[in-house]
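Note that chain A is present in both complexes that follow, paired respectively with chain B and with chain C.
On to the complex of A and B.
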């Protein structure tokens, strides 16, 4: 009888530990959800950055058309994804009379992405980023040089506005950084997270 | 009357002198701000594309068994023109000499241990170190090593994309090392114009033959100055440890046939894999057009 009680106790304890483990996993690895339900299969997010700029100390570059296509899915309850396309058009600098952007292109796509929770906030972390920027201008110090922007970027996901925001605070929180000319650069941007395939016009959230 | 005429003549002379001064001043370049770094850039040369001013502030040159720390700044200045060749998937630009002729400044660096190569052990007392330095690195026994260009400045090659991209050769430079000491005479060199040491410096990672192992440079931290007209690379690190060096020659004047072997024995093996160049410093770059414009705008 005593032996039976001990075995039962051990089973409860194991269950409790397992439940606790699951609870921890759920909070550390958020998932993509549509209308509150976890995404099954894949979905495509298409969008255009509301505002985005990239600053190498002394020169800021902005693109009027910063588009992106991201394929998202949940894997073992964790939100994952891949940035598959990043067409960039109409890019200019804050020194337009000195430096113009002759070409800009995202390279080594797809870039893997994953969701992560840091101090109760949910973030999307994009890895393997590579953007090649070629500047022009007879007076531009970077004229003719291909500047490669590389690294990892972390942006906070806001369920209320259905956007992902990237700035120095989100980079700090996710311990990510982008570099160009071996220098840490600043990248800011607000990106709407709207589904364009099976879950069109459904509220996308991360939790 | 006579006094009056003399005073007028003096006044005329004074005006003429002032006018001459003003003319000579207007003929001089008056670059402003950070552009003053490019005072010796041949920016009026229509072949010049970009001006370069690079100061190596520290680092080391290892030649065989001799390691010489760079303690005095070495300046490389001038310009580079349009690309002449493409290799390693990069465009290489030929260099154009500095207007004052000092494309690579001559900064004598102290060779630790001097002529006899006696270097104190790190564990030895400070007094012993000071005495060894006094006896073996003084004006008679001390040796200075000065890096000089072995060929014309036009033989230097620059790849700005490799420099910024931290891959391949960023700066190719034919050099020779001038060893100076009263006993070595004035013509003791490792490398010559016919047999130069060719540095293929990279900001990336080297692939040297053994026993050397790969070392990594750095493009440095980029910063744009003067409204993005000047690129400044802080903590730039150029490295090469795959170069070979010829034997020292011309040491000891007329008895060089006796002294050269002694110097070469001191240097040890200087074939590829036994030598290293690490140049750390700051590099400035701007288009020759914009430097010229700054000059014209500030007569």
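On to the complex of A and C.
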């Protein structure tokens, strides 16, 4: 009898710990913060990507001017957002003598975004991405065709550098993927996360 | 880690309510089972972000220009670099810049362009090819290392009004500066939903590939690896090419005629 009670007690104790851990996890959804204070209302992030490239099998595309505008807010304690504008200019391929980019556009904007924690790292996950790229070149296999890049993308947020970095590791961690040509494609880039509205020059962090 | 605010501490009642429900279920399970164990820790090890932000190469600061609706406004750019100089105003990142020469700037595909050139909105995949990490890979039976026949293909989303389908396989990278055609087939029925491996339906016509053969050949250099593009085009009228047709000439006609395509890439590394 005493042994049974002890077992039950241990089970409840373990359960209590589990529940406490779960409660902590549930309330620890990452949020946008400025100077350590949770963002109230909305803010706009405007930036230019650093060294971003998109690799469709056999063809890598880079845009010298990869700008973006993201509206961020906290909703029920969790960081959310919307990518509202993504102007892409001066795009080239790694086969410049054969394949050129004749037109490119982010479509179906705004793209919803949310913050998520995986292990101990914070990520921004962007959903509903669609980018239409039309390549040109008579000797280019994709020449004359408009290729659609679609899917979701997860990038790790670094509070120290105020950047979000997207690469194959961050896609894997967030279980996100972008596809084109019926194939998973690679997108890498570093995206500064500076505010340009009410909290300009304030340190933006995610925690 | 910044201190959590008071508001945050009280902002997750719903999550806690959900947690309580889950805990009740867990309690039942815990009582039924003699114990519990295991962990579901995420093993994903995201790489730390590079801290190269301070050495951004986003271009030199130019006068803000917003000829397109999707551009940052002049006011936003002014806020971005109020001093007008790189790094001015305490900016930690490169200032925003739009290209000076707008004549060479890409534009968004217009509706007319989309109507007059193929948009890859049809589905195309191969049940014959294994996919590693989401990328299809050709296996020896579908190359010159095996029987050298094409893999089974399936497609969908063929638009209404299509009169014929044409299928191309091209090397993703040109050979000696020229697009390399590995296979070209025209005359595929508009209501067809795919091809069986190594079998062509009645009415299908094969062109002469870049090896000089009429038919399908996937054969990279020994020790080499290549990526191949399978492209299916929906045609609003029959092109009726003759057997052994020139795929290059027909492709030009297709690109001028077709409004829809299905694309699939597959890689092959030759031992």
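To be clear about the criterion, the second predicted complex is superposed on the first by the 180 of 207 C-alpha atoms of A that agree within 3 Å, B and C clash if a C-alpha of one lies under 4 Å from a C-alpha of the other, contacts with A are read in each partner's own complex, and residues count from 1 in each chain.
To be clear about the criterion, a contact is a pair of C-beta atoms (placed from the backbone, for glycine too) under 8 Å apart; a residue touches a chain by one contact, two chains touch by 3 or more.
If you're wondering where the values come from, they're calculated on a predicted model, not measured in any experiment.
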| item | value |
| --- | --- |
| Side-by-side fit of chain B and chain C on chain A, or clash | clash |
| Which of chain B and chain C A:65 touches, first, second, both or neither | second |
| Which superposed partner A:103 touches (first chain B, second chain C, both, neither) | second |
| Which superposed partner A:173 touches (first chain B, second chain C, both, neither) | second |
| First, second, both or neither for A:121, with chain B first and chain C second | second |
| Chain B versus chain C as contact partner of A:93, first or second or both or neither | first |
| Comparing the two partners chain B and chain C, which touches a greater set of residues in chain A | C |
| Partner chain(s) touched by A:129 [first = chain B, second = chain C, both, neither] | neither |
| Which superposed partner A:56 touches (first chain B, second chain C, both, neither) | both |
| Footprint overlap on chain A, where chain B in one structure and chain C in the other make contact | 56-59, 95, 98, 138-148, 180-183 |
| Touch list for chain A against partner chain B, complex | 56-59, 93, 95, 98-99, 138-148, 180-183 |
| Touching residues (chain side chain A, partner chain C) in the complex | 7-8, 11-12, 14-15, 18-19, 22-23, 26-27, 29, 31, 33, 36-38, 44, 46-51, 56-59, 64-67, 69, 76-77, 85-91, 95, 97-98, 101-106, 118-119, 121, 123, 132, 134, 138-148, 156-158, 160-165, 167, 169-170, 172-174, 177, 179-184, 190, 192, 194, 196-197, 200-201, 205, 207 |
| Residues of chain B that touch chain A when the two form their complex | 160-161, 164-166, 218-225, 227-231, 233, 285-287, 289-290, 293 |
| Contacting residues of chain C [partner chain A, same complex] | 1-5, 7-9, 11-12, 14-16, 18-20, 22-23, 26-27, 30-31, 34-36, 41-53, 56-59, 68, 70-72, 76, 79-80, 89-99, 104-110, 113-114, 117-121, 123-125, 133-136, 170-174, 177-179, 227, 229, 231, 252, 255, 261-265, 267 |
